[in-house]
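Presented sequentially are two complexes of chain A, the first with chain B as partner and the second with chain C.
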Partner chain A sequence: MSTAARTPPVREGTGWYVYGAVPAGEASVEAFAGVRGVDPSAGVSLIVEGPVAAVASPVPLAEFGAGAIDERLRSPEWLEDKVRAHEAVLEAALRGSAVVPFRFGAIYHGESHIRQMLRDHELLAPTLERLRGAVELGVKGFLDSARFRASREGEGPQASAPGGRAYLLRKQRERALTEDGRAFQVACARESHEALTAVAREARLLPLRQPELSAYEGEMFLNAAYLVDTTGDAQFRERFAALESEHWRDGVDYELTGPWPPYNFVEDDE
Partner chain B sequence: MSTPARTANRLPPATLSGREPAQLADVLERVLDKGIVVAGDIQINLLDIELLTIKIRLLIASADKAREMGIDWWENDPFLGRGRRGRLESRIQRLEEAAGLGNGDDRRPDEAEPRDRDQQGP
Partner chain C sequence: MNDRLSKLQQDITLIELVDRVLNKGVVLAGDITLSVADVDLIYVSLRALLASAGTIDRLQLDTG
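Coming up: the complex of A and B.
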C-alpha cells in the first residue's frame, strides 16, 4: 500500500526530485559540476543506499509540491524547461557511470523516503550492472515519396498511349507506385532494424510517430532504440552509414540521435 | 518539389563525444514516456502531462514546417492556416473533451484515470 495518494497538499519547504539511479561505488558528484537541476538554483546530489545512489536535487514544494505542480503542468513552457533539465542531469550521469533513468516526476519529501524507495526497488542494482558500458542510440527512417518515385521511374507500364487510355495507365501506375512504396517501407524497416540489431547489445522497436507530430516531411517507417557498447560505437555507425548510402536513392532519410541515457532499456516492473 | 531546407532540417549524425543538442520531440518521447516509473510522495496527474506533450509536439511540428517552407502562415494567415492547424486543434479539443478538461478551469482531476504508477502493489 502506498501512502502517496493520501499525502495532503504541502506548499512550503523543500522536497527532492529524483532523476535516476547510479551505482554508488562508481558515481561521483563531480560529474554534475555546473549542471542545474529542475530547480535551477540547486545543484545535484547523490543519495546513497547500499550499492545504489539516487541522483537527486532539492526542489521548492511551492512549485513541485502536491497541488502546486498540477498548476505548473498546465504550461508547456514550464514542462519543456523541466524535461530538458531532467535530460541534462541524466546525460551528466551517463558520462560518469551507468544510469537507470526514472520517468519525469519522482518527487519525495525527504532523503529517508528516497532511501526506502531505493531499498524497495531491488532490481536497480542488477539493471545498472546490465547497462554498464552502454548507451542508447535512436534511429529513425523516413521515406521521401518524391525521391522514391523518381527512383522507380521507367519501371512498369509506360503511359505512352493516346488520350483516355494514357490517363488510365497513369492512374494504374500511381496506384502501383503507392503500393510499392508501402511494401518498400516494410521491407526496409525490417532490413535496417536487423542490420543495426546485429551490432547492438539490445534493440527496441518504438511506435512510429504520427505525421502531424513529426517535424519531417517524409513518412516515418522506422523508429527504434539500440543499446550500444560505448566501445562498439564505431561499428554501429559504420553500419548506419552503410544503410544511409545504400538507400538514399530509394528516397530514405535516416536520422541517428544520442547518446541517450538508456530510457528504452529499463522496464517498468523494476 | 524537393526543398533544400528539407535536407538542412535533418540532423547530422550524432557523435558519442560531441553531440548536437537533442531535438525536443526526442527528449519528450523519452523523459515523459520511458524510464522506470517509481511512486514518489507527490502524485502527478499524468493525464495533464500527456495532453501537454501533445501540445508541445504540435508546436514543434508547426514551427519547423513553417521554417522549412520559409513562411509562417500558421501564425499570420487565418485562411491558409485553417487546413492543417484546424485539424490539429480539433484533435486537441477532442482529447481534452475525452479527458474531461474541456472547460479549462472546470476540471476534476479525480475523474482522470491516473496511470498505475505504484509498483509496490499486491
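Coming up: the complex of A and C.
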C-alpha cells in the first residue's frame, strides 16, 4: 500500500464512481436494472454501510484516474455523455427512494474507501430522512418587454399633444415603462416565489442568469428550486399554472423543469 | 423547424442538467476525485459553450 501511494498517476485498474447516497433499508439494486453507469460497460451497485448505501459503479482508472480524467474533461462530448449518465443513475435511484446527489466526479479507490466515507459523514442519514418522499422542481420566470409594454398601453400620459411636446411625452413614457418593467419584475418574482413556496416543503432562490439560453426572448427575473412532496406535486403544478395564466398578459413566461434529484437541497458539509 | 425547436429544448434541458450535476450536489473527499476547483472550472467553461451555442441556434430559428 505504501509503495502504491508513491506511484504517480494511476492509469490501470478499477476505481469506483459514486453518484449519491440512498437509505440502505429502502433502496434495491433492481431499481437500476438496465441503467448504464458513467462507464457504459458497467451496471450500478449499492455499497452498504450501516443505514446508508452508496450508489456506485466500477470505472476504469485508465479513463477516470488522476491525470487521465483531466484529459477527458477537455472534450465537451465526453463530459455531456458522463453528466447524462450521472443524472440517469440518480433518476433511477429517485424512483425507488430518497437520494442525496453527489456532485460529478467523486471517485474512490475501492469499496472499503467508500464504506469509510459513509461512516465519516453521519449527516447523510438525517439528510436522507429530510428528503424522503420529495423531488426538486425548477422554475424560471422571464419578462417579454414587448408584451409587457402592450399590456400597459393606455396607461399614463398619452402622446396626443402636437409637435415637440408629443416627442417629450413619448420620451417620458418610454422611461416610465422601463421603470415599470423593472418594478414589475421585482414584485412578480416575490409574488411567484411566495406562491410556490407555500406549496413546497423547502425553497431556494438561485442566481439569475443573463443572458440565458431559453425558449423565451424575455429577461430572466426568477430562478428558483422547490423541494416538493411527491404527493403534493399536482397542487404545485396547479399553482404554477395559475401564475402562468395570471401573468401571461403582463408578458411573463414561466418555465418548469423536473422532477430532479434534490441537487439544490443538499449542503456541501453533508 | 420542429427539429430546431426540439434541439433548442434539448440544449435548455442540458443547461439545467449541467447547472445541477457540475455545480450542485454534495462534495465529499474522494480518493482520486477531481478537485472542486477543477469541477468549477469545467462547469464555467461548459456552461459558456452551451449558452453561446444556444444563442446561435435561436438566431437561426428567428431568421429561418
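Everything that follows uses one rule, which is that the second predicted complex is superposed on the first by the 257 of 270 C-alpha atoms of A that agree within 3 Å, B and C clash if a C-alpha of one lies under 4 Å from a C-alpha of the other, contacts with A are read in each partner's own complex, and residues count from 1 in each chain.
By definition in this document, contacts are C-beta pairs under 8 Å (C-beta built on N, C-alpha and C of every residue); 3 or more make two chains touch, one makes a residue touch a chain.
Keep in mind the model is a prediction, meaning the values are calculated, not measured.
Per the definitions stated earlier, placing chain B and chain C onto a shared chain A by superposition produces a clash between them.
After overlaying the two complexes on the shared chain, residue contacts for A:Leu256 are found with chain B alone; chain C is out of touch. For chain A, the partner with contacts to more residues, out of chain B and chain C, is B.
Once the two complexes are overlaid on the shared chain, A:Ala66 sits against chain B and chain C alike. By the touch criterion stated above, A:Val100 is placed in contact with chain B and with chain C alike.
When the shared chain is aligned, chain B comes close enough to touch A:Phe240, but chain C does not. Once chain A of one complex is fitted onto chain A of the other, the partner contacts of A:Tyr167 are absent, as it touches neither chain B nor chain C.
With both structures placed on the common chain, the touch criterion links A:Asp144 to chain B but leaves chain C unconnected. The interface of chain A with chain B overlaps its interface with chain C at residues 15, 18, 20, 64-66, 69-70, 73, 76, 79-80, 83-84, 86-87, 100-109, 113, 117, 120-121, 138, 209, 212-215, 255, 257, 260-261, 263-264, 266-268, 270.
Note for the complex: chain B touches chain A at residues 1-2, 6, 9-11, 13-14, 16, 19, 22-46, 48-49, 52-61, 64-65, 68, 84, 87-88, 91, 109, 118-121. Residue ranges on chain A touching chain B, taken from their complex, read 1-2, 4-5, 7, 15, 18, 20, 64-66, 69-70, 73-76, 79-80, 83-84, 86-87, 100-109, 113, 117, 120-121, 135, 137-138, 144, 146-147, 206, 209, 212-217, 230, 233, 237, 240-241, 253, 255-261, 263-264, 266-270. Interface of chain C with chain A (complex): residues 5, 8-9, 11-18, 20-34, 36, 38-39, 42, 46, 49-51, 54-55, 58. Those residues of chain A that touch chain C in the shared complex are 10, 15, 18, 20-21, 61, 64-66, 69-70, 73, 76, 79-80, 83-84, 86-87, 100-109, 113, 117, 120-121, 138, 209, 211-215, 255, 257, 260-261, 263-264, 266-268, 270.
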